[in-house]
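Both complexes below contain chain A, partnered by chain B and then by chain C.
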Partner chain A sequence: MKLLANILGLALAVAAVSAACGAAASLALGSKSLSAGSAAVTACGGLTSLSATRTVSNAGNVTQVNVGGIPAACSGETLSVTLVGAANANLGSGTATLGSCGTTCSATFAGFGTVAAASVVGYSFGLAGS
Partner chain B sequence: MTARRLALVVGATLALGSSAAFAATLNVGTWHLWAGSQTLTKSQCTVTGATDTYADEKTSVDNSGSLVLSEQPDSGKRQWIYIRFDLSSCNIPTTGGADSATLTLFESIAPKSSRTLTLAPVQGTWPANLPFATALALTYRASTASVATGTTSNVALPITVTADVDGFIKSPSTAFGWRISDGAAQSALDQAVFTSSEAPANKPTLVINYEK
Partner chain C sequence: MNMLKGLAKKKTLFALMLALTIFGAVYGFAATLNVGTDQLSAGNATVASCQSSGNPTGTYTVAYDSALPGYKVSGVTVTGLDAACATKAVSVTLTGASASNLGTITGTVPAGGGNLALTPGATPISAAAVSGVSVAING
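What follows is the complex of A and B.
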């Protein structure tokens, strides 16, 4: 029983030390100061802006949204587009994985349902990947 | 609990602790993330100066200066209306688009029974003097717009042409306008007559609500 207690104690100590190492691994060593490291999250290919165009049915509803001019370095990343209405209302959205890029990448979104083009006052974009 | 089981517990604990320590040293800066937005500007443009004529199968005369645009489906006497607008005055960039577009024709003489007229985008340029043989040789895109003439004369007929105008905005080099025709079987007094851009009043008008 004493042996059991010793072993358990040892295990807890090892776990505590490991956890401490894990937590401390992101902290800079210093005698009196404490700091944490960080890494910048950047856009792929130096992307700074995107713009979309859309097509409409004769009834004036959005049938397709096209986003082009995306840097080829963004290939494989995930682009999301939201049709923005008045008061920032979400009128519809779509997501696509960028693939088959040439000089630049492009993506086409469809299936927004019945969204009047006149109601769309802008687009919002999100692009994420590794 | 046996000593062997305890050894396993100790081993697992060490492994988990070490994993946490290693994960904490991984670089998280390999992820890309970007968010942005685009704001659209809405406006309206009205164009009244159309180029228009009608091709007459029976006479093939130059109708570009006529005060009227005539249409009928009768065999051997078909009349097709051609009309196009120069959208350059609207200054809409090719990245813009039509939210809605309405072509209004003033029907000065309505047929006896209501007819459905079809607007087919023309796929090439056409001369103001348009013989019917030349009109026949033109090619057309599938129509997305049509209008019922009704049976009342001297009324304005609004025709929704949003999809076509959106295409004209995005590709100005394809903006050759429309042929307006009646593909149904002929009947008595089936001719529809509209005022042309040469008329002193009630000229064809295209109103575009657009974004850019």
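What follows is the complex of A and C.
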């Protein structure tokens, strides 16, 4: 009987050790915060309808650029225009915040510095919401 | 009487042998499982969000880039960051057609939250190509 009691004691000890090992395998895990989301970046309208005319001084420099045909939905946004030269060079840029518009918006840009009208081969436009 | 005692002894010995055999088999099985395996631990935790109110919003600035040529995204400002997000890392990815990654900008939420101004890297991102933005805050 004493022997049986010893065996039972040993079995209990083994079971206790096994249970402890099993508990050690369970990991206490913490976590940092994480937030994520996505949104569409929409345009207020196509810029293909834009038109630009320039005013040239007697010296042959661009003094002003008038941009029309801006979609009314772009009201309140910031329009940038760049005078583009050969090899896509930036000859001068201007920025304006579009005010309230009717059917379409228009904007006038000035202060390009000394930019020879003959050097301007195109205009580039950029619109950003504000 | 002696015969009965002998029989009882034999039964005890048999039970002992049986117990040792089972224990040995279990021990051997456990040892087999441990061979060639790495340690494994597991647990669960909640992933909390520091942004509990409002939606962070991205606003943009553009600048002409002759390399494109055209207007590129020259700056992205994320507004409306909760104070609880202060000092946490922010990743802003501008996406294009088919959710392609046009560029990722990273920064840290300022103390007190609010607005975070980010500047894209050297590779210009065409403003005309941007159709979406994804923002992640972690830390």
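Here, the second predicted complex is superposed on the first by the 85 of 130 C-alpha atoms of A that agree within 3 Å, B and C clash if a C-alpha of one lies under 4 Å from a C-alpha of the other, contacts with A are read in each partner's own complex, and residues count from 1 in each chain.
Methods note: a residue touches a chain if its C-beta (ideal position, glycine included) is under 8 Å from a C-beta of that chain, and two chains touch if they have at least 3 such contacts.
No experiment lies behind these values; they were computed from the predicted model shown.
Undergrad: May I ask you to decide whether A:72 touches chain B, chain C, both, or neither, giving the answer as first, second, both or neither?
TA: neither
Undergrad: In the superposed arrangement, does A:40 touch chain B (first), chain C (second), both or neither?
TA: After superposition on chain A, A:40 lies in contact with both partners, chain B and chain C.
Undergrad: Once chain A of both complexes is superposed, is A:89 in touch with chain B (first), chain C (second), both, or neither?
TA: A:89 sits against chain C, while chain B stays out of touch.
Undergrad: Which partner chains sit in contact with A:54 here, chain B, chain C, both or neither? Use first/second/both/neither.
TA: In the superposition, A:54 contacts chain B only.
Undergrad: Using the superposition on chain A described above, determine whether A:110 touches chain B (first), chain C (second), both, or neither.
TA: It touches nothing on chain B or chain C.
Undergrad: On the superposed three-chain arrangement, identify whether chain B or chain C touches more chain A residues.
TA: Tallying touched residues of chain A, the top partner is B.
Undergrad: With the two complexes superposed on chain A, say which partner A:123 touches: chain B (first), chain C (second), both, or neither.
TA: first
Undergrad: Based on the A-chain superposition described above, do chain B and chain C contact any of the same residues on chain A, and if so which?
TA: Shared contact residues on chain A: 3-4, 7, 11, 14, 25-26, 39-41, 84, 124-130.
Undergrad: Touching chain A in the complex: which residues of chain B?
TA: Contacts found on chain B: 1, 3, 6-7, 9-10, 13-14, 16-18, 20-21, 23-25, 27-40, 42, 95, 97-100, 144-145, 160-164, 166, 170, 209, 211.
Undergrad: Please name which positions on chain C make contact with chain A in the complex.
TA: 12, 15-16, 19, 23, 40-51, 55-64, 66-71, 85, 88, 94-95, 127, 130-139
Undergrad: Which part of chain A faces chain B closely enough to touch in the complex?
TA: Residue positions touching the partner: 3-4, 7-8, 10-11, 14-15, 17-19, 21-23, 25-26, 39-44, 47-60, 74, 77, 84, 116-118, 120-130.
Undergrad: Across the complex, what residues on chain A touch chain C?
TA: My answer: residues 3-4, 7, 11, 14, 25-41, 78, 80, 82, 84, 87-90, 93, 124-130.
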